[in-house]
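Take a look at the structure below.
Order as written gives the chain letters A, B, C and D; numbering starts at 1 within each chain.
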Amino acid sequence: MESKKTLVLGVIGSDVHAVGNKILEVSFQEAGFNVVNLGVLVSQKEFVEAALETNADAIMVSSLYGHGEIDVRGLREALIEAGIGDILMYIGGYLVVGSQEWSEVENKFKQLGFDRVYPPSTLPEDVIPTLRADLGI
Amino acid sequence: MAEITHNKLDWQELKGEREEVLAGWVTGQEVDLEDAFRFHKALPPHLNFGVRMAQAKEEGVTLAQPRAGVADLASHTKLLKYLQDEGGADLLPTTIDSYTRQNRYEEAEKGLEESVREGRSLLNGFPAVNHGVANCRRLVESLSVPVQVRHGTPDARLLAEITLAAGFTAYEGGGISYNIPYAKRVPLEKSLRDWQYVDRLVGYYEEQGITINREPFGPLTGTLVAPSVSHSVAIIEGILAAKQGVKSLTLGYGQCGNLMQDVAALQTLTILAEEYLEAEGLTDVEITTVFHQWMGGFPNDEARAFGVISLGGAAAALGKATKVIVKTPHEALGVPTKEVNAQGIRTTKQVLNMLKDQVYPENEQLALEREIIIQETRQILDKTLELGKGDWALGTVRAFEAGVIDVPFAPSSFNAGRTMPARDNEGAVRFLSWGNLPFNKEIQDFHRAKLAERGKAEKRTPSFQMVIDDIYAIGQGKLIGRPR
Amino acid sequence: MAEITHNKLDWQELKGEREEVLAGWVTGQEVDLEDAFRFHKALPPHLNFGVRMAQAKEEGVTLAQPRAGVADLASHTKLLKYLQDEGGADLLPTTIDSYTRQNRYEEAEKGLEESVREGRSLLNGFPAVNHGVANCRRLVESLSVPVQVRHGTPDARLLAEITLAAGFTAYEGGGISYNIPYAKRVPLEKSLRDWQYVDRLVGYYEEQGITINREPFGPLTGTLVAPSVSHSVAIIEGILAAKQGVKSLTLGYGQCGNLMQDVAALQTLTILAEEYLEAEGLTDVEITTVFHQWMGGFPNDEARAFGVISLGGAAAALGKATKVIVKTPHEALGVPTKEVNAQGIRTTKQVLNMLKDQVYPENEQLALEREIIIQETRQILDKTLELGKGDWALGTVRAFEAGVIDVPFAPSSFNAGRTMPARDNEGAVRFLSWGNLPFNKEIQDFHRAKLAERGKAEKRTPSFQMVIDDIYAIGQGKLIGRPR
Amino acid sequence: MESKKTLVLGVIGSDVHAVGNKILEVSFQEAGFNVVNLGVLVSQKEFVEAALETNADAIMVSSLYGHGEIDVRGLREALIEAGIGDILMYIGGYLVVGSQEWSEVENKFKQLGFDRVYPPSTLPEDVIPTLRADLGI
């Protein structure tokens, strides 16, 4: 299909949690998306470049190991600089060290430039309908 | 880079490399081996990890050890003391943060500073390199049980230099187990060689009469890793370590969840390790075992998590592991507080104590389970050695290239990733596809039959969906990911 | 009083007694059997306890049931709904308060009033007699799983009349198990006869096609009760119930703590029960089992209590009990809140789910353990029947008189109290002295040897101090009360 | 020995918890007391009568099942009426339904006329020295 939307997927920073990433890849593919999976240990630069190169419709960032807060700072700015500042961007996983009040975490990451923020026990089926809606499909 | 071998490194020839390593961060200058030896020799035996493990093995009991690490020294010391005094931990850890694991000491420094400023840990562990020798010693001295460095670092040379000099008496990791699950682009030749450095350093301590316990990381990716795969890695890392002079070795295995398979795995681990070490003439190594409570996704609910933790404790005790690494009821929620961490230890200790005089009965099914693990592991190891033409290090590199060793869900690009594990109808971890694992027909038929049996019970053809279901299963309150 | 027999009571002849019983408290007037039958027949099958138990047995799964009861109806309903919805209880209880258990309805009334006034339960259970039929029905109707009456009442006739009329579909207790551990001066002739009334009433419901599940209270005093003692009581009560027309029978056993012994106990319970019921020609009875998580003293610490609970769940699953009665992490702290109660259920369910497809392997030691239980139980039961000259009711009275059945730590003056149980070196419950239990030499030697073995390991002569140590042991974090 | 002090022991009300009672009996005996154990299901009247008859030096009440609060009301008054109002009286066990703040429970039972109040996990060795002291031995 020509109309397939492209997602760039990856686990940011020094994070190596690979299992959720693998499942998301398979699930998004099965849901009809074109998935560019950068895997684990992905830098901000790699996200930006991949999004540019593939003309992506959305970036799906994972962070499981707790350093997400540090790792994503400046990502939205880098996207703006690259001229794709308004690309849709989701994040999910264990976004901070320890367990904090979810609404605080959500807020923090929205301010860091994410359109949607997902807690750890999120299943692919919890995300796909929203993603379709946000992408207008 | 010269072709890798499993031969013992020449300590004198390491001089130059050591200088480079120690120059990797300012605290490297604090390392003074003579001073380190003095410090270790002055430590009372009850603070030596290997001594404590050997004693537990002798007594036939299972010790409990948590995972724990926060950024700043005062908080980390407080945390460990709490786990020791209120949790009753028999052994302590110092879990290292993820920046240090990737040798990003600047980022670790930033995280440390910010943690101190904000009064909460922004790092997921203790940046021991940044803290340096003197600070780490203060930690070691303030504890009354042995403490180990636990991390996930492909190149852990500087971390080893600093923490061993600081008086830590145990060091986790290995060239496979701290690369394949923890890195993406680090060649095995490199990580194997970097870990030979660490093992040679430990060997050098041993030459001074100082026992440093070494522990390959058993569970690998923690997600449906069949015993033969993790046993193969553990035994190879054990051989590679012993070749460099390591004398106190703790081999690990992560709970799969079927009690019989878990007990068989623990029983076979020592048998196989002794066999393969002996074949290399490595006979003066003290081998103990570590069982990891379920390393995959946990239930969110604390009460349910306590159930998973207890079952892990039960398997450890019935399999007579020398120690068990304890999870916490907040495993699925985030890094635990010290209180929650101590709860995990106490639950585990209750189970260990209640089962310590009990045995898992010898029986035919168990013997079969052992036989399967032994055959599979031998097939993997023998092929590895063949590929290496008698050299375990070279063999390992080639075995991974060929998919002869293959860890499921590993992020490393040097891992073939062609196997697909899934649970059978009793919940034991089997292979839906074994990729290039060098299994003979008998073993292949065994796995096929086991998965066919489950498929029949669930009225579906085994597929990747089954694997996904199994990954979520324990988190969703069951062992086997049956269709709803 | 005519000499007691195990023969079926004549329903017509009970008329007078029933009137008396119903006059025991004002709510007795609410009992209308025709109306009760209509109500029961209108209940959907998923609310019938016996149906649910039979289904679980068929599927080979273990159901989880909590204990719970508070004084006033609204709070009690809220409590049960919470345990059902948030705890995931498969079956529900209604635990009756201790005044009602002693037929002190005035005191229960006072306690109920005061509880409502103070807004907290001053009673340790739900005074169902005081609430009456209409109120209890409201409870039954608001639940979506079956509910059972759980108590400890030597004379439970009025309670049975009211709760069965209200639509409860299961009723715990028996003439031995709700007397010997729960009373001091109630003669067995009296409690046996009063329970024959209850069983006959249940039999009358059965005649109308309404299944009421009956469950003798397995654990007795909950404190080091060896399997053969509780099995003997369970089987006798089962026979006595079946003689009165009971068709759905759940026999119980309280966890002793040694996994092998616990599994053997569960396996033998059904085998023996079927054998003895068949010998009486009672072949159309559906027999299921209930396993009670550790009934003795618990650890104060919640984390440790979770460990005990999980091990109980594991034994229930591996022994394939039809249901398990769940303890809570606050067992040693007091009657639990609904949240804490639900935690105990969820921990248990996690363990049950993870083990449900696994088997405890058949093996020689297990077979031996079963053989010991079978022989001991047969020796007790056969002697009992002999004393009763073929009558189980009469035999029971005489067996207790003679100490042929003897429950440890029982408050009843009709219990000989001459046995002394203690754990062996693996933690299985054995006899340090067996009093007058009619064990043959082989069995006696077995117990002697087992305790000598422990004595040797502990370097002390087995004595009452060992028993005391064992009583405290689990509460203090271990299974066997070793000297410190 | 003539000088043995006499303790009346029992579990009050409709309470049948017999195990702790048995252990207390054995332990107090071993500690050199003369123990009159009334067992479980003991009424206030039985306590008063036993104390009078045996000329007891102390009454040791247990309550495990949660109704202790209701069961002991008026016991001190009954002792006063019987002319032995100043007899030493201890209570121990699970004194109320559920778990309440210990200091509150202790206070409540002191006001109900008990000289000492013990929580459930009390061991005999925690009590015996205090008992000796209170009895002046």
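Just so it is clear, a contact is a pair of C-beta atoms (placed from the backbone, for glycine too) under 8 Å apart; a residue touches a chain by one contact, two chains touch by 3 or more.
The model shown is predicted, which means the values in this text are computed figures rather than measured ones.
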Steps in the shortest chain-to-chain touch route ending at chain C and beginning at chain A: 2
Most widely separated chain from chain A, with each centre as the mean of CA atoms: D
Chain centre separation in whole Å, for chain D relative to chain B (CA means): 55
Distance between chain centroids, defined by C-alpha means - chain B, chain C (Å): 45
Computed distance of Cα centres, chain B from chain A, in Å: 30
For chain A paired with chain D, centre-to-centre distance based on mean C-alpha positions, whole Å: 67
Which pairs of chains touch, using the document's own definition: A-B, B-C, C-D
Touching residues on chain C, where the partner in the complex is chain B: 257-260, 299, 301-311, 313-314, 342-351, 353-359, 361-366, 425-427, 474, 477-480
Residues of chain B defined as touching chain A within the complex: 98-99, 101-102, 104, 107, 110-111, 114, 120-124, 152, 181-185, 221, 223, 296-297, 300, 330, 332-337, 409-411, 464, 468, 471-472, 475
Residue ranges of chain A touching chain B (in the complex, touch as defined): 13-16, 18-19, 22-23, 26, 39-41, 65-67, 69-70, 94, 96-100, 120-121, 123
